[in-house]
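Next up: some structures, all given as structure tokens.
Next come two complexes built around chain A: one with chain B, the other with chain C.
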Partner chain A sequence: MSADLQIAVSQEQGRVPVTVLSANGEIGAHNYQQLQDQANEAIAAGATDLLLDLTHVSYMSSAGLRAVHAIYKKLEGQPEMVGNVPKAAHFKLLNPPEAVLKVIKALGFDMFLEIYADLAEAVASF
Partner chain B sequence: MQTCFSFAVTADLQNLPAIHHFVKETAAALGVDPAVVTDLRLAVEEVAANIMMHGYQDEGGAVAIEMEAAADKLLIRLRDRGVPFDPTTVAAPDLTSPLADRNLGGMGVYLTQQLMDEVTYRVTAGGENELTLIKQGVFDSSKETSWANAHQR
Partner chain C sequence: MFTTEEKKRTLQNTKLFSAVADSALTQVAAALKVVTIQAGETFIHKGDMGTTMYVIVAGYVRVHDGDLMFNYLHQGDVVGEMSVLDHDVRSASVTAETDITLFQLEQQALYEVMADQVDVTREIIHVLCQRLRGRIQDWAADYQQRRTLERELEIGREIQASFLPSQLPQDPNWEIAACFQAAQEVAGDFYDAFALPQERKVGLVIGDVCGKGVGAALFMTLFRSLVRAMTTAEHYLGQDQTLAVDDFTRLQNSLTLTNNYIAQTHGQTSMFASLFLALLNLDTGVLYYINGGHEAPIIFNQHGVKAYLERTSPAIGLFSNMRYQIQEAVLEPGDTLLAFTDGVTEAKNSQGELFTEERLLSLLGGSDVTASAFLERIEQQLFAYIADASRSDDITMLVVKRRVGS
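Coming up: the complex of A and B.
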């Protein structure tokens, strides 16, 4: 457990149950595994739809996106086709601050992951 | 006023927070625009993490970092004695390729190149790998104490 990252797990009910991972702090190469482990634990416990809340993540390097990518690969056997782009249906992101969104966009992840600004809207989208 | 600061850690990912602290503190001391500090931290982390994981193959060694203000540019040099590796020769990832088809990782070099104005690699006379990151126009002109301002007067 790294002192600079905390991850809380909660449940929301939309059309399907949605597991929300709320990260708080900074995500880098020294602690990204913590995010991946927490997601793996939720998936092992039966979570099939996961929302990663990035509201309180002030910094994320490519290692954080490596964890996001690993979670994506675990949950998205068959991504839904939106137009001709495979969009994730079971793993979505909530509210990344500007500094984090910049990295998500720079590495082209925004094309394949839905990003919501509002929790209720995000939960309802699953 | 001091214009060059250096710092060294052993190659262990758990030392990354100390590196971030050094970059933040040094950037402030040099009068770097706070808006670009995250870019600097990202670039330094990506390079340092690669050195720790691949350069030293998780076996430890030293990673030295130097930050220097030179006119309107900030130079950041990272030196190590790990396996020689020139990241400037790495091909850019295909960002249009679906995530399901992409391999995990391998994005750090590309991100560093996107964030910095210039990235150069050389082997020093002493046999160290030296990667230099250059960011232009980073000095906050509103700060009276900045080195850049002091030299513009």
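Coming up: the complex of A and C.
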């Protein structure tokens, strides 16, 4: 466990059970694997719908998005094409701070991942 | 549990006290205390002040700093002597690997023995010298290994440089210039500019592979090669081959193949790149492009910004069933296209402040006559801003200028 990233796992109930991974700290080349491992663990334990809460992530590099991509791939079997991109239905993002949102948007991850500002709304969307 | 005689016999079997006279051993034996410690217990903690040293009588210990392993010490070895002698904190932690028995000697008692018994003093110096020799050998081996790795990285850097264009296309009406500065030996950034076979068109590429270091560099070579080879496939098939495809199809094929190849062949690694790929018609100035999650290239003239070539898709290599929309822009005489990686806008000065896109924009316009003069001006400003601050990201810029009157 890297000292600069903590990940808490909790459960929310919407139309389906939603596993919330709440990351706290920085996500970069040295620790993105930790996020991926934590998500893999949740998926192995039966999670099918996952919300990544980025409220307390102060920094995320493009390497950090490798974990986001790996989780997307793990959860989305045959994603529906919306426009030109295969849009995620089982993996969504919650509340990235401005600096993190900038990286997400720069690489176009917002084009296939839904981003919510409110937990209840995010959970209800699954 | 140990009589004085037993302590003396045990001491005689240790390196430190084997050469010490019988009378001196009696003094040492009287001063030391027998301690037993269970397997797994850490009895010396790095950073603590230490006033005791130990002789291992039975069992063995691990000398370490957290997970970093230094050494194992066994029966007859001395441990903890450094802090006692130099009045400093423990330089490492020591944990019992087995149940162990130790002779514990307090600093004061040790000093008294050393003052009285020159043999003990000599042996302590001997032990310290042996440890130092061991360290020097370790350092030499580490240094050698590091040199080997550095040489390998240097070779990697040289080979990677051959994945960038050795010369840029030349044309009387156009000027193309580029700047590339890797943050480390090998880079994840790349750019390319190449003439299309049998057409007055050039392909323009700038990209940034996620992450850094050797992993990003490996993928940089792959992305660059696939895009280059696919966009100019006829060239590699032979001069008389023609694919007879229009610009749209050429761009779409090139990026679809690159994307699908990476996503399908290397999907497990979750590696991707932001990538801007364009075809520029040298006669008309029409530019067809795809922007896969890359910083928007900017078209400007002396009056200011004319267009941002915003992203048209997510980064390349993420999923194999992407469809790419092609956009169109025009470079008129006097216009300049600036494509760059985030290493430019996110370059930091020594206070950790970013160069920012705003600062970059403030440098556009002006009356630079050539692309290289413009690029030189940006580079000067950028590297003056960074000054001595450490570089964390590669810096790449590609500039294309259509000459006035062309």
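The criterion applied here is as follows: the second predicted complex is superposed on the first by the 121 of 126 C-alpha atoms of A that agree within 3 Å, B and C clash if a C-alpha of one lies under 4 Å from a C-alpha of the other, contacts with A are read in each partner's own complex, and residues count from 1 in each chain.
As a working rule, a residue touches a chain if its C-beta (ideal position, glycine included) is under 8 Å from a C-beta of that chain, and two chains touch if they have at least 3 such contacts.
All values derive from a computational prediction rather than experimental measurement.
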Touch check for A:Y59: first (chain B), second (chain C), both, or neither?
first
Should A:E12 be classified as contacting the first partner (chain B), the second (chain C), both, or neither?
neither
Quick check on the superposed pair: does A:G108 touch chain B, chain C, both, or neither? Answer first, second, both or neither.
both
Going by the contact rule set out at the top, does A:N84 touch chain B (first), chain C (second), both, or neither?
second
Which superposed partner A:K73 touches (first chain B, second chain C, both, neither)
both
Intersection of the chain A residues that touch chain B with those that touch chain C:
29, 61-63, 65-66, 69-70, 73, 79, 85-86, 106-109, 111-112
Of all residues in chain B, those that touch chain A in their complex
13-17, 20, 38, 41-42, 45-46, 49, 52-53, 93, 95-96, 98-100, 102, 104-105, 107-108, 110-111, 114-115
In the complex of these two chains, what residues of chain A are touching chain C?
29, 61-63, 65-67, 69-70, 73, 79, 81, 84-86, 106-109, 111-112
Spell out the residues on chain A that touch chain B in their complex, using ranges where they run on.
4, 26, 28-30, 59, 61-63, 65-66, 69-70, 72-73, 76, 79, 85-86, 88, 99, 103, 106-109, 111-113
Going by the contact rule set out above, which residues of chain C touch chain A in the complex?
208, 210-213, 267, 270-272, 274, 292-293, 295, 311, 313-315, 318-319, 321-325, 342
